[in-house]
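Same chain, two partners: chain A is paired with chain B first, then with chain C.
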Partner chain A sequence: MIQGSNFAECHPVGFQFVMEAKLRGAKVIHIDPRFTRTSALADLHVPIRAGSDIALLGGLINYVLSEGKEFREYVVSYTNASSLISEDYVDTEDLDGVFSGWDDKSHTYDPVSWAYQDSESDGDGQGDGDGGGGERSAHGGEHQRETAGGDKYGSGGASVAEKPRRDPTLQDPRCVFQILKRHYARYTAEFVEEVAGIPQDTFFELARAITENSGRDRTTNWSYAVGWTQHSVGVQYIRAASILQTLLGNIGRPGGGIMALRGHASIQGSTDIPTLFNLLPGYLPMPAGERGGSLEDYIEPDAGKAGFWGDMPNYMTSLLKAWFGDAATAENEYGFDWLPRLSGDHNNYATVLDMAEGKVPGYIVAGENPAVGSANGRLQRKALEKAEWLVVRDLSCIETATFWKDSPEIETGEVRTEDIATEVFYVPAASHVEKDGTFTNTQRLLQYRHKAVEPPDDARSDLWFFYHLGRIIKERLADSDDPRDAPIKALTWDYATEGPSAEPVASDVLKEINGYGPDGELLTAYTQLRGDGSTRCGCWIYCGVFADGVNQAARRKPAREQDWVAAEWGWAWPANRRQLYNRASADPDGKPWSERKALIWWDGEKWTGHDVPDFPPTTAPDYVPPPDARAGKALAGDDPFIMQTDGKAWLFAPAGLVDGPLPTHYEPAETPFHNLLHPQHTSNPAAKLYEGPGNRHHPVGSTVFPFVLTTYRLTEHHTGGGMSRFVPYLAELQPEAFCEVSPELARERGLTHLGWATVVTARSAIELKVLVTERMQPLRIEGRETHQIGVPWHFGHNGLAIGDSANDLLSVTLDPNVDIQESKVLTCDIRPGRRPHGAGLRTLVEDYQRRAGLA
Partner chain B sequence: MGVREFIELWPVVRQLRGSDPTARGDAARSAGSEHLRPRIAEADRVVRSICPYCAVGCGQRVFVKDEKVIQIEGDPDSPISLGKLCPKGAASQQYVSRPDRVTTVRYRRPGGTEWEELDLATAMEMIADRVLDTRRRTWQDTDENGQPLRRTMGIAHLGGATLDNEENYLIKKLYTALGAIQVENQARL
Partner chain C sequence: MTPPEEVRAADGAASYLGMPGERPPRLGFFTDTSVCIGCKACEVACKEWNLVPSDAGPTGSNPTDLAGLRDMDLLGMSYDNTGALGSSTWRHVAFIETRTEESPAHPAGDVRWLMSSDVCKHCTHAACLDVCPTGALIRTEFDTVFVQPDVCNGCGYCVPACPYGVIDIRPGDGRAFKCTLCYDRTKDGLTPACAQACPTESIQFGPLDELRERADRRLAELQGNGVTEARLYGRDPDDGVGGDGAFFLLLDEPEVYGLPPDPVVTTRDLPQMWKRAALAAVGLTAAVVGSFLGGRSR
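Our next item is the complex of A and B:
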């Protein structure tokens, strides 16, 4: 199943394995608003209305539950289906579209009523005991939403009561299984047809295909990309797929899973070692709120809880030791006090809104092009105009570097170059072949690149730039006695350098990330980390990348000399495991569910098999932890989900999400339709909208903006275009911006193939060449013909392949869990011909705003 | 050479009559092709790398001659890619080596209408000046209730998903020590 992804065009080389599977008999189904080359190569293409995926996935969940098609033994043993939820929990089905805990004033949830019923308190999870409700309440609600709550808990999600009350017969009306059944009962084939535009016959074909291909002998995989994440309910899309795949027993097993197809070379790595505001390396949360006091306050919610997240204090102390070295002592809590504290929403869109008001003087942009690549391009550029100084590191003068002389706002005459006070430094970057270093691919695989040549002229790696910037700053502050400078002075920064430009040695940095033991030896596994300051480790999940003193990420044993797991090519975190939660590939007794789907198993003494077991190696299948067991030792022998405090896959999320414990169908923030399921709440009530003059949203069902628009990528280009629009071969293959429309819409609006069209939203208007194609099909939604328009988003006006930027059309509308913008669905108008150039552009947009009641 | 021998030299005849019906082997050989040599045969060395575009992580072999990258090809050893590259990966030699790549520092002063040249070392000192000055001006020791903040909200960073793990590590480490918290990357895109 490929949904929310154009696998063949956006990850072409990975797609060879889909085709290989198809040759061996796998059935490939593509669910997508557009017919793409992925659809052409699939057995079945199912057109869907952009933004209605939870309706479809909920329909499939309902089919599985009402037909009894779940993998019962897996569900009972490995999921929280049998866990009982608090008596205070009330579902969206009984509250007109919100869950219990909703606060209409702050637009946030207090998740306390979603908790498990605690087996020890004999109550309903409201006690203050270990893992009780008190702690959750401290981490829920507005504060959690403001600090990107989902990630806030780190790898393991939120801690919960370790032993919820259970009903293994799944009959108790308060058990998760029964709550699921009730929650999805209205997601019928008729409902899916009305909302998503998928005919009932097709729906049943889909439902049969996935249920017949799941169970002991067979597994189904779901692959997705940003077609799922870039929604105001994006996290709940993934959750819906997780519920479905878990019910079918497709998690932790070969050929199963939910595969995120990520779009940047090291986007996984930049999450693991996060250049993200709310995280420290290894998904440790940044200190904030209740976790912003002492180190004790910080670790208290997780320390010792069942599962490997219970060892979080070891990971944190080892990180502080890696950063602050000998200056980090038990007496000063290893320098925890030096870390800055979060106090709210510091995501980049919030920062850009502040910058546009002159509140953020400095901006360093490294390998990203927000003037083209971020939602609401006009707002992005306005922020750049208001910054005092800007550093751009890239290989080309991208639009973010040249906004002051050639932005669309210069063209319209809204601003003059002379009036823009921003000081701009373009500092050229080295390419991937001009530096050593690791990328982490979409499968958590670290692969080391070796430097081939020196970078030309002033071009330098970002390792060089940030190392030398840090070195200069440390030199300047060497004599400071200001307490605020203490962490800079304590920071370990003595990296060896080499070559003509004094390049830091990348493998030395990777060794620091891997970590060192008490005697300075390289560590081999994160289980060696200690909380007493004796170990240092820059990112606990990467501990082992230098196991046995060998750069494991640089291993390149040819594929033909290995089995299908290919465990000796690169290194996958954690512990070189290629498939997470693979304990679930064996049954509760430790035997593979079937020979055909064997991955790891219990051999009587230990776990063994084709992959590295993702389980304590000698914990027997029948192990029951004693009451005082902690962390990994508190996992039972049949608890495959080792990062969860209850060891089970969460069909229902009793904590950790800010917009509800179960995925619910909401319309996108901009939609032609009211919510058929919950008329009182059209779109995700917890979504972040940042409504303001520069960020207007279209009214629901607006006749001024009647069409659905979705953005997408092309094979020949990459993201904001900095790495592709300047490359002649690629520019020749895909030279200019365009839109895809159906023949029906072309007739309705007078658009001609290869002619021009202007697409308008309340944010801006852009002109595009028109591609009239039957690949875009009108869908019947709630009885009305609905048109969708596809627009690639790579383009800008620098480089060789040029055009207006699709992101100028977008508003900033964010998923409340992870602050990802809703760029896969919005509404718009389309008209034939070019847009006005010069001052007329704003007049056109303002006219639309007025007609839509937004002026 | 007789007519029959001449005809039998034609590739199409050899393709139809010989053991190479797809004409990707012997049937395509000619006196001319015998002397063709791939560019990569002249390389001084081959360096193993990974494609910089999407997150599949295809293996690349980088061919270097006279300290220039002359070709980048797929790595047949890689279990991830089995030697293949997509159009972007296959064009990456041009991405690295194109003549219009901007490889020197450019500086635009406030209100300036054109780029100016600037020495790299000077640029680094100027950027350090601005980081420290902005940090000093925008420092927040505590919030209104006296709770510790120890940070600056005056310096923001964007970008990381196209960078290396080692680079992201130094970025996060340096900014955190400086107290700059608005550090973000493409992972939210």
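Our next item is the complex of A and C:
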């Protein structure tokens, strides 16, 4: 199942494995608003209205539950289906579209009523403090609420009661299984047809396909990408798929799972060792609150709790030792106070909005092109105008580097070059073939690549740039007594360099990430990490990539020379484990569910098999932890989900999400339709909208903006275009911006093939060439013919392949859990002909705003 | 670098055109369009390796050379903005939007998007080579058809001779260019750039005999799975060009992909034509001579 992803176009290299599976008899189904190159290769393409995926997934969950198609033994043993939820919990079905705990003023939830009933107290768990079922205090306490939601817990997720009350018969009305049944009861085939536009016979074909290909002998995989994440309910899309796949027993087993296809070569790596504001390496949470908070307070919510996250203090101390070296001592809490503290919501969009208000003086843009690639391009460029300085590191002179002289706002006369004070530095960057390093791909596989050619002229690697920048800053601060310079002074910064340009040795950095033991020897596994300052490790989940002193990521043993797991190609974190939670590939007694799907098993003394077991190696299937057990030892022998406090897969999330414990169908923030299920709450009530003059949202069902628009990428280009629109061989393959419309919409709006169209939203208007194609099909939604317009978002006006930017049409509208923008669905108008050039553009947009009641 | 074992293997045709007794087998492409995902990696890899000019300028992928030569348009041919094979397009991915057959469940048929990477066919009987007056077009030891750029004088005879419309004169250069089947790579035992870059093995490279066997198996498999419209194109050694060195598995009529349904080597009738011309000449001579003789006898 490929849904929310254009696998073939956006991940063509990975798609070879889909084609291989197809040659071996796998059935491939593509669910997508557009008929893409992926659909062309699939056995079945199912058109869906953009933004209605939870309706479909909820329909499939309802089908599984009402037909009794769940993998019962797996569900009872390995999920929280039997756990009892607090008597105070009230579902969206009973509160007109919000869960209990909703605060209409702050637009946030208090999740306390979603908690487990604690087996150790009588009745409800919440309210009785630490040992109870309620959410324990997160790192930094209340202050963290303002920051991104889910990530505040790090990869440990939220702490919950380790021993909830359970009903293994799944009959108790307060058990998760029964709550789930009630929650999805209204997601019928008729509902799916009305909301998503999927005919009922197609729905049942889908439902049969997945249930017939799940169970002991068979597994089904779901692959998604940003077609799921980039929504105001994006996290809940993936939660919905998790629920479905868990009910079908498709998690932790070969051929199963939910595969997040990442958008670039090492986007996975950039969350593992993050470029995110709220995470430290290895998904350790960024400390929040005022300085002076102790390391002990920081690690307290996790220290020693059940599950592998209970060893978090070891990871944190080792990270501090890697960063601050000998300056990190037990006395100064290993330099914990030197770490930055979160002072609020500093997600990328919030930062840009702050910049527009003059609160962010400097901006280093490396490998991004926000003037083209980020939502609400006009707002992005307005913000750049307010920065004091801007550094753009890229392969080409992208729009972000030249906004001050040729942005659309210069063209409209809204701003003049001489009025922009931003000092702009363009720094040429080396490409991936011009430097050494690793890519971490979607399956957590680190693959080392060696430099093929020297970068041209002044182009340098990012590693070179940041290493030498840091080196120079450290030199300048060497004599400083200012306490704020102490962390920079303490930082270890001693990588070897090589070659005429003094390039830092990339494998030295990887070694630091891998970590060293007390005697300076390279570590082999994260289980060696200690919290006493004796070990150093830059990212605990990557510990072992230099096991035995060998760069394991550089291994390239061909598939034909090893078994199907191919454990000697590259290195997968953690511990070169290829399938996470693979304890679930065996039944509760430790035997594979079937020979066909065997992965690991209990041999009487230890876990063994094809893959590295993702379980304490000698914890027997029948092990029951004593009451005082901690961390890994607190996991029972049938607790496969080792990062969770309760060891179970969460069908219902008792804590950790800021917009509800269960996925619920909400319309996108902009939609032609009211919410059929919850008339009182059309869209995700917890979504972040940042409403303001430069960021207006369209009213629900607006006749001024009657069409659904979705943005996407093409195989021929890369994101904001810096790597492709300037390259003749790629530019000629998709030379200019276009939109795709159905013949029906073309007739309705007088659009002609290869003619011009102007697409308008309350943010801006852009002009595009028109491709009229039957691949775009109108859908019948709630009895109305509904048109969807497709617009690739790569284009800008620098380089060779040029055109207006689709992101100028978008608003900043974020998923509240992870702050990703809703760029896969919005509403718009489309009209034939070119847009006004010059001042007329804003007049046009303002006219639309007025007509929509937004002025 | 020496060619690998299988490429050096003798195929029995000793002393062919005065070549050494040991000859490599005939090499070719089998392009299985049923697994083509339309990524165009073949087009890009071909241009990169062979330094073929882009529409945006003559200098390939060097992004510093963008000097005002942009001649790129959206063609409106689905996602195909290349258009056709030509002097600077040696691989061309066609995108064909069509519909499946009507059925009770789908009265108007389903949307269908065919993708296919076209290339020089390296014909067994290659008309371009037949008509080349300078000997610039040669048949290599791998039985592929190759233009020697240092010999070509740009006369252009080869252009109308090709039954597929593949070879063409490069404007601004004047010489004829087409796919070389990466002669410089195959000589070193390497896979041609397009086949190397293809992520789904839609483009397969190897000894033609093996490719034909593989194609036959794939065709049987597809037809066994109910894909009755699958067919091979250019596989038959008895067709009008004696079979193609680069042949295809198609999912529809060749015309749908812009391929001639029944290509014939344009020089096929030349011997016949020369024979007729000779006969005519003989007849004419006889008539002239006869007229004199007749005159005498009068």
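Everything that follows uses one rule, which is that the second predicted complex is superposed on the first by the 833 of 855 C-alpha atoms of A that agree within 3 Å, B and C clash if a C-alpha of one lies under 4 Å from a C-alpha of the other, contacts with A are read in each partner's own complex, and residues count from 1 in each chain.
FYI, a residue touches a chain if its C-beta (ideal position, glycine included) is under 8 Å from a C-beta of that chain, and two chains touch if they have at least 3 such contacts.
No experiment lies behind these values; they were computed from the predicted model shown.
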{"item": "Contacts of A:509 with chain B and chain C, given as first, second, both or neither", "value": "first"}
{"item": "Contacts of A:527 with chain B and chain C, given as first, second, both or neither", "value": "neither"}
{"item": "Partner chain in contact with A:3 - chain B first, chain C second, else both or neither", "value": "neither"}
{"item": "Touched partner set for A:226, first chain B, second chain C, both or neither", "value": "first"}
{"item": "Touching partner for A:801 - first (chain B), second (chain C), both, neither", "value": "second"}
{"item": "Partner chain in contact with A:788 - chain B first, chain C second, else both or neither", "value": "neither"}
{"item": "Partner chain(s) touched by A:246 [first = chain B, second = chain C, both, neither]", "value": "neither"}
{"item": "Partner chain(s) touched by A:716 [first = chain B, second = chain C, both, neither]", "value": "both"}
{"item": "Contacts of A:472 with chain B and chain C, given as first, second, both or neither", "value": "first"}
{"item": "Partner, of chain C and chain B, that touches more residues belonging to chain A", "value": "B"}
{"item": "Intersection of chain A interface sets (partners chain B, chain C)", "value": "12-13, 16, 395-396, 456, 715-716, 726-730, 733"}
{"item": "Interfacial residue positions of chain B with respect to chain A in the complex", "value": "45, 47-60, 62, 64, 67-69, 72, 74-82, 84-89, 91-92, 94-96, 98, 100-115, 118, 120, 123-128, 130-132, 134, 137-139, 141, 143, 147-174, 176-189"}
{"item": "Residues of chain C touching chain A in the complex", "value": "35, 37-41, 43-44, 47-48, 54-57, 59-61, 63-64, 66, 70, 72-74, 76, 78-79, 81-82, 97, 99, 111-115, 199-201"}
{"item": "In the complex, chain A residues that touch chain C", "value": "8-9, 12-13, 15-16, 19, 23, 35, 37, 39-41, 45, 395-396, 456, 714-716, 726-736, 738, 753-754, 769, 771, 773-775, 777, 799-801"}
